[in-house]
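Down below are the structures I want you to see.
What follows is a pair of complexes built around subunit A, which joins subunit B in one and subunit C in the other.
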Partner chain A sequence: MRLTDMLNFAWQVMRGYPGRTFLILLAMGIGVASVVAVTALGEGARLYVSNQFGSLGTNLVIVLPGRSETAGAMPGVLIGKTPRDLTLEDALALKSSRAVRYIAPLIVGAGDVRVGARRRETPVLGTTAEIATIRRMDVAQGRFLPEGDPRQSLPVCVIGTTVANELFGTRPVLGEWLRIGDRRFRIIGVMAKQGESLGFNTDEIVVVPLAAAQALFNTESLLRVLVEAKSREQIPNVKADVEEIIRLRHEGERDITVITQDAVIATFDRILRALTLAVAGIAAVSLAVAGILIMNVMLIAVTQRRREIGLLKALGATGRQIRLVFFTEAVLLAASGAAVGIAVGQLGRNIATHLYPMIPFQAPWWALVAAPVVALLTAVLFTVAPARRAALLDPVQALSRR
Partner chain B sequence: MNITDFIRFTYDSLRAHRLRTVLTALGIAVGIAAVILLTSIGEGLHRFVIAEFTQFGTNLINVTPGRIQTHGASLGAVNTVRPLSIDDAIALKRAPHVQLADPLVQGNSDVKYFGKSRRVTLYGVGPDFAASLRMQVATGEFLPQEDPRSARAFAVLGSKVAREFFGAENPLGSRIRVGGERYRVIGVMQSKGQVLGFDLDDTVFIPVARALDMFNRESLQEIHVTYEPTAPVAEVEQGIKRILIARHGAEDFTVTPQQKMLEVFGTVLDAITFAVAAMGAISLVVGGVGILTILTIAVAERTSEIGLLRAVGATQQAILLLFLGEAVLLAAIGGAAGLLLGAGIAALLQLALPALPVHTPWSYAVMAEIVAVTVGLAAGVLPARRAARLDPLEALRSE
Partner chain C sequence: MICLAGIERNFVVGEETVHALRGVNLAISAGEYLSIMGPSGSGKSTLLNVIGLLDRPSAGTYELDGRDITGRTDDELARVRREKIGFVFQFFHLVPRLTAEQNIELPMVLAGIDPAKRRTRLERLLVEYGLEDRARHRPSELSGGQCQRVAIARAMSMGPPVILADEPTGNLDRHTGQDVMAVLERVHHGGGTLVLVTHDPEIGSRAHRRLRMIDGAVISDERL
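Take a look at the complex of A and B:
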């Protein structure tokens, strides 16, 4: 039997029972489509998070005060205070490293912001002009914080769009005065809409010069220092330099934590990849169920087609050829089912992309390969038993029955 | 056709094709097992998180400075122009129904003892901290009841810190240096282990006023308030707000009852469990398609039998019920098997990975069975209708 004959034969069988074929295709299609759709969701989430981190700036190294002996993210390190502050002088000293391009010290706190009778609680960010370059913040109107000595406390501020709308409505904003706590600040700029980035909404913040924030919150201590390395290769050097510089300034004590952005991204990447794999595995269980269905239908087919198989054998078909006939049919069914499934999965992806344009839904290549391959493998695996049964039929007996 | 005949007929037709029945039921079983297993893990996780929180008590309210909430915590805990002071905490003790009000500030500091040095999480707390969070002291005592504004330099160690510094020695009465100041150790806490990423044993507790001085900071991070368990939460919340607004002139703080936090966690975890269960349910749908396929084939095979039944007087409705019954029975068998399979794997998982919380509530078992039967019914409708509508004459002739 030639290959074309084999395919033709299987095709005839599939066409002979359109209802049955349709239902098997449906089962396989659901399985493959769910795997494709689910991995597309997972991969989309992963890319989204990576992009979000990327928009925070590249080649970033973050310096936090405090250090923990125990491994893992210690909330104590992340928000707690330390006896020895990380100060502005420490941050400025980091510039002496040759691998460092920009630094931006940060103080964050809650401040109640007032204009006339309107008031609003917003996060207040104390920092220097370089943060705009590091974190890719754009200004929609006016300008960002002025360059100059960060020790000088200028009474100016830059506000997010939401803050501007809430406090001023449609009135012009630039040059107006704003009260934060018991201090006054002149608005010199409004930031461009950037939206949420990792839970921190830049549309809702007020940015003031670092020294002003120090006075406002009555603290010397920086929450963290963002450092941008000159290039990707320089990141380890920056890390080593930062630790050494601070150690020398803190009387030999290593009381800071240095996180590279790459490490953070890598962690998130790993977690989300593992999640995607796990969820894809769950969805793939449905492929096994579809495999069971194929086996069931094939077994029935062997009983129904006894005479046909008997005739084939009587005409000289070997057991191997009979097996091949059944495998061809199973592969054909699984392949068409997988094709339908991928098409439907991609359709779902398109709809999801339409609904949430920010998230880059894209089924990863491994899922697009793995889903059909798994479908084919289960189909072949579950056809072994029926095909064997068919091949072992005794032609005389098979033909002798009615 | 009476009920017993009906059941026997269905049972016989399933038994006649044993392999077919087993395979069809297996499809449903795999689906149900996946759903049961996933929801068990979800429910286990839910209980785990709730238990992690409620070990500190449920009649707890957190008061934090500032009103903007990010990442579930008030930003005011970091820096704020509207500080919460120790006096605020003392004033809150007078709020209605309030039992304890304990100030807290947290940080990271170096602790030294005889040349050994360790970075630990430092908690500046009041004397009621252990009582309000239901933490037990292993040896010695917790910080003594005295004016929190001028407390003496006593420290209580977490169990891990005590072990690292003192080994088998008795740490009570020893002097340690915390952030450059000397403290006398008066107690060691019982081991509490990791709670949601916090290692509560790698800690040192000192009086809150001294911690504020050490960190050069004026605002507390939060105030823990416990209230009488029988008191209505809303009333307690109102009382706290009234007192603080009178003291600050405005509502510049956030009051978060523990129960509200638990509810939020509960909804999030339920949503996740539901999403994962839905993913498992895809297999169930495929299993349903399996029943549909097999029954469609069965109707075609048994055309003459149906014709005979109709000829001897079975109504269309009876035929419909027969095939529906077969579908439901198939699904029910599959559902029961899947239930055993899922619960079995869940139990095995618990044996193999005791750290993974797994819990299979009985209500799920009932629900899974109902879902399986529903899937069977839905899948049976089309083939059953086709069987019922067969013309008896045509059907008999098909032989």
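Take a look at the complex of A and C:
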């Protein structure tokens, strides 16, 4: 029997029993669609998180004061107190590492920002000019913090767009003065809209030189130091150098924590990937259910089409041909079901993308391959028994009954 | 061409063994027109199924075209059946979802014959059996006589030397039955071997050689 004839024959069966065909397509379609949709959601979440980290800047190493005893916990944040401060001098010393390109020490505090009668409680970030490069911050107007000695306290600041709008409305901002606590700062720039990344919204902050922030918040202690490695390969060297430099400066104590961005991304990646796989596995159960449905339908078909099978045998069909007829039918049903499922899954993905445009929903290629393959395999596997039964049917008995 | 020797066919029904065929010896030469008659349960259909390779004898030998075909595998028998034997049944056994021409084409499809070649053979068969204007109708839209003509055309599509008909008129009125018999007999006039099972003496007496069976044994074998 020719392949085209085999397909045609199966096609005639599918057309001949539309209700049955529709039910199988529905079951297979739901199975495949749920796998595609669920993996698209999982993959979307994974890409979203890794994009969020990516927007922090590349080749980033974060230095925190205090030693973390358990991996992953943020030291000092939980305890509230750290054994030894991380100072500006510590941060500047890191520049002696040859693997380091930029460093940006960071102090963050809440500031009472006032312009005339308007006031606003705003996070104030004390840092140096290099943060603009490390964190990919752009200025929309004016300029960013001046380069120069970070120990020098200049009365200038750069503000986020939201802050600018709320304090000045549509008035020009550059060159105006604003007051943070009891100090005055001249606005030299407004940052470009960047939005939120990892819960830190650059549109809503005021950036001042580090020394000014130290004076403002009356502290020498840095919240953290951002370090950019010269290249991705240099990240381990940066980590080693940073630990060594600080250890020497802190009388041999290893009282800092160095987080590489890669490690954080990798952890999230692993967690979300595992989650996606787990949920996809659950969705795949519906594929198995669809497979069992196909087996049922095929077993019924063998009984219903006894006479037809007997006839085919009388007309010279071999057992192999009878089995192939059933397998072709199952494969055709499963393939059509999978096609329907992928179409519906993609439709669901489009709807989700429409509702949550910032999350890049996209079913991963392995799911788009695995779901139809699993559908086909279950269909074939569950057709083995019915096809065998049909092939072994005795033609005399099959034909004798009316 | 067909040579049966000492054919037995036993069925086990519950505790009992039923002897459907008891020591049947039969030789049929090419081009013969033979009817098998007898009361129901006399084993005439079983004999036809054995001749048609649908059923295997419990004992005895069967030679077709000089080749012993007892002990062949099912698939080998299927291939022999495809090439050499055409079946016509009492209940037509057409596939309900296929059109008349698709039903006629079925044996050629199973044999894997080239579609272009199938088409020419099909056209010829449709004309030959007067089914041109019924080609695209499904069996449910055909009369009994038309159904049986489709079945005969199907049986002839591979051009087999032997046609086996099991009560071909059993499900038709007398007039249509005569019609169908005329069509079947055309096969015989074309040089084919026709074996007919019937319990209708009128139909059976049309054959040139008549076998009578009772209780699984051939009791008379008369030639005209």
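Quick note on the criterion: the second predicted complex is superposed on the first by the 384 of 402 C-alpha atoms of A that agree within 3 Å, B and C clash if a C-alpha of one lies under 4 Å from a C-alpha of the other, contacts with A are read in each partner's own complex, and residues count from 1 in each chain.
In the analysis below, contacts are C-beta pairs under 8 Å (C-beta built on N, C-alpha and C of every residue); 3 or more make two chains touch, one makes a residue touch a chain.
Note that the structure is a prediction, hence the values are computed from the model and not measured.
Asker: Between subunit B and subunit C, whom does A:67 touch in the aligned arrangement: first, second, both, or neither?
Answerer: first
Asker: Is A:292 touching anything from subunit B or subunit C once the two structures are fitted on A? First, second, both or neither.
Answerer: The first partner, subunit B, only.
Asker: More subunit A residues touched by subunit B or by subunit C?
Answerer: B
Asker: Answer with first, second, both or neither: which of subunit B and subunit C does A:107 touch in the superposed model?
Answerer: Only subunit B; A:107 stays clear of subunit C.
Asker: Between subunit B and subunit C, whom does A:283 touch in the aligned arrangement: first, second, both, or neither?
Answerer: first
Asker: Report for A:164: first if it touches subunit B alone, second if subunit C alone, otherwise both or neither.
Answerer: neither
Asker: Could you look at A:122 and tell me whether it touches subunit B, subunit C, both or neither (first, second, both, neither)?
Answerer: It touches subunit B, and subunit C stays clear.
Asker: Would you sort A:31 into first (subunit B), second (subunit C), both or neither based on which partner it touches?
Answerer: A:31 contacts subunit B only, not subunit C.
Asker: Quick one: which bits of subunit A touch subunit C in the complex? Just the residue numbers, please.
Answerer: 1-2, 4-5, 9, 12-13, 15-17, 307-308, 310-321, 395-396, 399, 402
Asker: Could you pull out which subunit C residues touch subunit A in their complex?
Answerer: 49, 52, 54-55, 74-75, 78-79, 81-83, 87, 89, 91, 93, 95-98, 102, 106-107, 109-112, 115, 154, 158
Asker: Once bound in the complex, which stretches of subunit B touch subunit A?
Answerer: 19-20, 23-24, 26-27, 30-31, 34, 38, 65-68, 70-71, 73-82, 105-110, 118-122, 179-180, 197-199, 202, 214-218, 250, 252, 276, 279-280, 282-283, 285-287, 289-290, 292-294, 296-297, 301
Asker: Once bound in the complex, which stretches of subunit A touch subunit B?
Answerer: For subunit A paired with subunit B, touching residues are 19-20, 23-24, 26-27, 30-31, 34, 38, 65-70, 72-77, 79-85, 107-112, 121-124, 180-182, 199-200, 213, 216-221, 223, 253, 255, 279, 282-283, 285-286, 288-290, 292-293, 295-297, 299-300, 304.
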